[in-house]
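The next part holds the structures, each set out as structure tokens.
Consider the two complexes below, in which chain A is the common component and chain B and chain C are the respective partners.
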Partner chain A sequence: MNAPEKPLKTRFDTVGKPRRRVDGRAKTIGQQRFADDLALPRMLHAKLARSPHAHAAIESVDVSRAQAHRGVHLVLTGADFPIPYGIMPVSQDEYPLARERVRFVGDPVAAVIAVDEQTAAEALDLIEVKYRPLPTIASPEEGLAKPEPRIHDYGEQGNIHRNQAYEFGDVEEALARSDHVFEDLFFYEGNTHLPLEQQASLASIEGDGKLLLQTSTQNPHYLHRQLGRVLQMPTAHIRVMAIANGGGFGGKCDPGNHEFVVSKAALVLGRPVKICLTREEVFYQHRGRHPVLMKFRTGVTKDGRLTAMHLQTLLDGGAYGSHGPASTFYTGVLTPVSYELPRFKFEACRVFTNKPACGPKRGHGTPQPRFGQEVQLDKIAHALGLDPAEMRLKMLTKPDSLTASWLRIGSTGLGECIEKAVEMSGWKARRGKLGPGRGLGLACSAYMCGAGVSIYWNKLPHSAVQLLLDRSGQVTVYCGATEIGQGSDDVLAGLTAEALGIDPVSVRVVTGDTGITPIDLGSYSSRVTIMMGNAALQAAARVRDLLANAAAEALDTLPDRIAFSQERVFAVEDAAKSMSFVEAVAAAEAKFGTIASVGSYAPPKPPGKFKGAGVGPSPAYSFTACVLETEVDPATGWVTVPKIWIAHDIGRALNPVLARGQVIGSVYMGLGEALMEEQAFRRLPPKLSSALVHRNPSMLDYKSLTHMDMPEVEVALIEDPDPNCPYGAKEAGQGPLLPVMPALANAIHDAVGVRIDEVPITPDKVLAALAKKAKGEVPRVGPERFPAVPYPEPTFVLPPWEGGDGNELKGRKAA
Partner chain B sequence: MMRMPWFRWHAPKSVAEAATILADEGPQAMLIAGGTDLVPNMKRRHQEPAALVALRGLGELKRIANGAGLTLGAGLTLAEVVESRSVRENYRALYHAAAQVATPQLRNMGTLGGNVCLDTRCTYYNQSYEWRKAIDFCMKKDGETCWVATASKRCVAVSSTDTAPALIALGAKVRLVSAEGTRELDLADLYANDGMEYLTRRPDEILTEIALPAASGWKSAYWKLRRRGSFDFPVLGVAAAVRAAPDGTVEDARIVLGAVASRPILTKAGELLAGKRLTDEVIEEVAAKVASRAKPMDNTDLEIYWRKEVVPAFVGYALREARGDDMRATRMRIARQAL
Partner chain C sequence: MSASTNATERAQARDPAAARRNVCLRLRVNGEELEAYVAPYKTLLEVLREDLGLTGTKHGCELGECGACAVLIDGAPVLSCLELAVQCEERDIQTIEGLARGTELHPLQAAFADLGGSQCGYCTSGMVMTAKALLDADPAPSRERIKEALSGNICRCTGYQQIWESVEEAARVLRAEKSEAKP
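Moving on to the complex of A and B:
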């Protein structure tokens, strides 16, 4: 199961050819039905009553007036949901409706199910909740300073949710030996996914009495498990259908309160119950980018090679655990993947605050440290008088190598990415020579192609595919993978078609339905192309063997001399000996009975054996290099980005149209984070109010780029097929986002000589830094201090080149 | 989705009938034209009118008349204003302003009269009912305190209309019609510096048209500061109109600042500029003086001190364009469009 299929062929009919994605037609003409488009006879509508307090104890909930309101069928409260849930087994800290405590403004406390949405909304105001307000915590610094009251009664201590430390080799010793040690602080503000589709769910009872939930989710499998737990039902009696998502970006990975509420209501009432969140509610569901404060201490030799790095991070987790334990790891674990780093120490702490829970957003935990790392590298290059591109090229991680932290790197195209981005942008001729106020910045990144370990511990496949063929030539491929707009249905159709030598439009794709499709863990961690793809190729190889066997008999040749191409099955030596694909299926069905197969995939075992080694390993890593051009107005600090060049190591582009779309979409989202996006909160004057509210929960006031603000993007796809990946294809959906933010910061430095060490980079910060520069002060805007965090003693592991075996070295450091 | 409160709907066939309905319904009734401001506000329970009187479809509010000047019906959509050749050629400030309101979709629905009468805005006010409940509401609606300036006796919500500063700079007058009769006033006098009572229009009056004087000899421009190239309300608007003698000596000038108070601010630029030529030095000096009138509050997008700091630069852009400089490259950077 671990070994991926050998490449089935070297010449491709479908792979690598730009073509229209299989779901493109429906999405373009408005035919695609999203969850909010669904309607069923006798359907009722749900609305959630949410807390107006950022932190309060619930003293009583009186729903009698709401219950009596005309048109109201049911009112649910926390009393109806005794079982907690959470996406990660170690953070089961949420209830569908709050029971004793509300922890942020927007925390759901009750639900009304009524004949229509208007009636349900009217009844919300009739629910009487008595709250006892509690002191609030607005930032991780505050959470560290105020252990009481605790937002949760679990966690490391006080309001610290997760706290961890790892050290790979003696970092202080290496820093002491370094020619230079650079120390920098960075801050990355939180931001949210902003999918165009607001979450919607429709629960109903099917004819056989089983529960059906049709919903906008990225992870139907994890949701399925949580529904069984919270509703206390056998999961086999629940069916979750992930309806094509209008964008996810990580925001639809966690199970949502509303999904439990409509499911429960449908079970109680026996009628279909639907909900569609308002845009404001989507901001409260959140699970977006963690705000992260970072401290980098990095040692280098005088020619700019890294000697060691000590990275400390402090995450603002919001009110619930969500993916937090993983997010905390991800603020460090992928740092050593791009450049050779002999020793690495990483400490991370996640603190609860009274704000919507943070979680996974495109790049999950990695964009923040990547920003700090890549800006610091730029500073190092300038301090040492090196070309930032050349400096990076001299210290790339090698293919088939291990990092100090025991991650196995397979293929890497980062060098080629840097060279391509440098060439496309005219870096060598133009950098520093664009004239006043104009500059170029370069940054790189690495990202994983699928998490090596599942969210819940098991030894089962991460993805499974079933193929069913019949005598009409119909090929149906079933997989639990979920289309969230990233194109996974097209990848599945394309790979299956390539393996069977047929056109992708001949393949019928059935995905994301726990009632029908074999399990895939979900659309997260850039895992789908690799894991679903490998499973699909295994399944396809198995039916192809059956078809080849039957065809060989009919064509009087040997099965291993049979080829599949362009909807035909033929003998390699003599193409005149051929039959159509449909005839081959019929021949095989006659010989073997119904033609079906399954395939599955689990990633290779991680090389690290210490506790915590499960986060970071991946079957493959993608790499990206980006050059960004900027213009800065010295009078106002106004920042313009006229052009971005980006080269992405994708292994192989299965459908280049789709791959380019993913890269450009990543650039779009990254540039929005770099320039303006902020999930920001405000307090009112404390003497007058205890309020702690989201500043801008609307699409107008939460600023993300419009079409007008998007620069031209020139994309290069670097193709060096990775042997662990289906036909060599790596991810493209997340990695290309990561270098955009540091590239902007570095370009601004090239343009006007100031450092903005935090994201977003707004014109007021640039102008403030320019004013400092004019006064002869340090021309920098960014965090000034890093608080004392009670990190634990690190888990100490020797790097592979220092005699380590991947286990923790108890008793601390070797002499 | 967010739902509207219940209301009565009137669809009069004429302005006169609308005025009669408005008089009969009393102050609980509101006018609706494009609805792009009012409908989202009603969903958020900012306004909960008992009745709506629809002006949409009244042909008499859609007239454009060229005479000594230009008369624009208040019911023209912003897209129609942008497409008007007279506006594009002779009243550049209005063209720049109307073309940068919101988005193409909203300009297709929103009207000139609606933008002139736009409700004042504030980050503590333009939120849903549930959000405002979490701050115990504010002075402008349902509450007591102004959270922007807690000691303030008046609401400091921001005048966020783009077209009004441009129209005031161009010397516009407006016509108000009610069952009682008709009155005309300078557009500048339609506004009061109060975030709640920001219009001097009586509730029974209908804004029917906006009249601009002849444009001969005048050059004008409008510059808008906002985060993005579309969608956003202004956090600063600068409209400049200048009439200069053939030798370049300024005979008359108006600079109007938008989005830095609860009303558009007509500055003393006319006095400062009269008799001078628009040299770089004069522009810099006047820009600095005019900018001192801007008193932004911390209740819009973007950082408050920065917004104040960049006012002179934006006044400079507007004056340089009114002088005849080619400002297209700067305009592309600021507005993301050439206009």
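Moving on to the complex of A and C:
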């Protein structure tokens, strides 16, 4: 069922041609509807009351005055929601409204539904909540040191949420044999998605009595399941429509408290209820980049080949589980994908803290270790006197190979990416020769094309597509995939059109609606192009067979001699034997009845068989290489970036305009993280309950790149089609973010000879490092110590080349 | 402060509900005279979106920080979230809905759609309207000038580069149209 179309098509009508995206018109004339643009007759408005404490027991909630306020229709509290939820089955630890405990400043405790937002906001002030403040935990180090009070009564122990360890081959033994062992600490500060659209949701009861939730979500399917659970309703009575998102970047993956609140309110009141979060609330909803402390111990031979790596990570999870179990894995599992690494040990620990929950942001858990890995490689190259580009080229993973950790690499264009980035940037001629304060840095990365395993365990397809054709020639394609700006509707229309030989604008696209469209798991993990695309090609191949059969009869040829191109259906040997696509559909409908088909896709089974082998496998991996130029002002520490060159192995660019846009957009977001974006907190004095408050919950104070800060980016798309992907197309939305942060750190070293082992790289850190350099101290700013983390005994698995079979080797570990 | 404002304030002090009482507003939007009966504290953004159904204008902060809500008032870009609607009477308001020429896209809209200037599209209305004010004033802006003019408009998707390319392309098309128009 999963075989993509073979042999790979090589001549295309649509694929590879720059085109206006199918939703481009609506978006530029103001006609694209986002969730807050929707309105219904008799619609009411909801607002959430949020905790002013970072950690407190709720002693009582009195809503009587709010309830009595004029214009208020309903007040909901935690008592209305007895069932918890969470995106992952193993962390169902959130309630739509807090019941006994609040865990961060901004945790919702009550909701008011009123005639308008103004009235609802007034009534919020009338809600009286009595809190008993509890000690707060600000960092994972503090959480490890203070197991009590526990933020949650589940998890590994104390305030540790997740704790895990894997070892692929005996790492200490390999390190002891290595010519050199490099040990480095890195820290990556948290940051947030900051989608331009604030989350909004509109719940209503449809004419048939069923619940409809129209909402800015990236994952309508997972939300649908959680709604059924929390509202105790059959999911068939709930319809979730993912309205086109005004940017997601992972921030709209988790079900949001507000989505349950408006749904419940609509069910109680029988009227439509809408909410739109304020920008400040979006910072509390968060689910963004985890702050991660990392320790790398890496063995190398004297000619610069890796022998083994021991990676330890410590994640600041915030107050709830969210995607945390997966995030914890992702701080390590993709590390061996880009370079040959004979042995690998990876320990990771996620600790609860009293701050908004962290979760998946573009690159999900992998930008942090990628930063450390690529900066450390730069240090190794310098220490060994090697060119960082050459050193990497000599140790690339091979196509169709396994990693020590049992991930299957399919196609890889990383070598070509490095060569291209080196060529475009003039790396060889310019590195180290740009003059004082100027430098070039190089870094690479790899990313998944979709998670190999779904968030909840099942054997079902990950994506499904339904095609419906009628005698007018209209082609309608249905899929649960969610348009978040990345262009998934355009991918769906483009692939369907290519397979049927018609124009993409002839295809009507219906997506992201659990009431109408077949399943797609959601817009996360760069999975949509690959999974939805393969499903679409399968569905298209099935209707094409019907059309070819009917057309062959009419054109007096054989079905396998029929070709589809430019809205025509014809015999390959004699193009005069032809009919229009519309005629072919009518002929097929006359012969077979209504023409429709379905297609679906599930990724291949992961090669690893040990427990935990499900995180990291992917049908394919994308690869990227980046060179970045910088100028450092030694007087102020100010860092400017005049130019970035990036080569991305995309397999095949379906619509190059969109592919290039994804790459540049990723570079932008990565550079923002590298230079300035941070979700930081400050502790108030004890008399204010030691609350941990967000330092900058506004767009003005949360710094991000403007037009003025953004350098020019030169993009090369490397096209090496991957057989697991639709027409060979891999992802482009996340991978190209990853090399930017380490490329900046490496460029700063090239420019002024200091190491900033910490993100963001702000002028104060650069100045501090320059001051150390001037004093003859180690010219480095970054974390100085890694705490003692009680990691568990590792799951030990032998790498494929040491006779392993992908299972855990129990009872080993005498060493 | 005018006497009438003071009178309003005094009336509100006596009766807080007075601040909520709707007022009748006449606005000229995209060349049309429109009437709305709205709460006096509402911003132009809210009146456009909630009372006039013109949801093409977006919001990302409602605090003047993101540029998503930009519209043109008397030809100049203005953040509609910071403007009280009652102050906009007698002024010429242009929103994204008024830009296309019938079903034909304005060159800025066409360029944004064709060249990747719009990804999620949420910043697009504010970006396009701000760019329109720029091109009205300067038909051949340098890239630096484009960046400056748009610097108050945040986009989280595109990385801006395809926006600059879109504005440059639209400028070329508009200049060509102009030179064709005068033979």
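Keep this in mind: the second predicted complex is superposed on the first by the 805 of 815 C-alpha atoms of A that agree within 3 Å, B and C clash if a C-alpha of one lies under 4 Å from a C-alpha of the other, contacts with A are read in each partner's own complex, and residues count from 1 in each chain.
One rule holds in what follows: contacts are C-beta pairs under 8 Å (C-beta built on N, C-alpha and C of every residue); 3 or more make two chains touch, one makes a residue touch a chain.
Note that the structure is a prediction, hence the values are computed from the model and not measured.
When the shared chain is aligned, chain B comes close enough to touch A:695, but chain C does not.
Once the two complexes are overlaid on the shared chain, A:669 sits against chain C while remaining clear of chain B. Contact with chain B, but none with chain C, is seen for A:631 once the two complexes are overlaid on the shared chain.
Of the two partner chains placed around the shared chain by superposition, chain B and chain C are both touched by A:707. More residues of chain A lie in touch with C than with the remaining chain of the pair chain B and chain C.
When the shared chain is aligned, no partner comes close enough to touch A:522: not chain B, not chain C. In the superposed pair of complexes, A:50 makes contact with chain B only, with no contact to chain C. Once the two complexes are laid over each other on the shared chain, residue contacts for A:450 go to neither chain B nor chain C. Looking at the shared chain after the overlay, A:196 reaches chain C, while chain B stays out of its contact range.
In the superposition on chain A, contact of A:640 is made with chain B only, not with chain C. Overlap of the chain B and chain C contact sets on chain A: residues 118, 278, 698, 700, 705-708. Within the complex formed with chain B, the chain A residues making contact are 50, 52-54, 105, 117-118, 121, 276, 278, 280, 631, 633, 635-638, 640, 676, 684-685, 688-689, 691, 693-698, 700-701, 703, 705-709, 762-764, 767-768.
Only residues 1-3, 123, 126-128, 130-131, 133-136, 145, 147, 150, 227-232, 301-303, 305-306, 309-310, 313, 333-334, 336-337 of chain B touch chain A when the two sit together in their complex.
Interface residues of chain C facing chain A in the complex, by the touch rule stated above, are 20, 39, 41, 49-50, 54-63, 65-66, 68, 95-97, 99-100, 105, 108-110, 112-125, 128, 146-148, 150-164. Interface residues of chain A facing chain C in the complex, by the touch rule stated above, are 20-21, 23-34, 36-37, 39, 118, 193-198, 244-249, 278-279, 484-487, 657-658, 660-661, 664-669, 698-700, 704-708, 710, 712-713.
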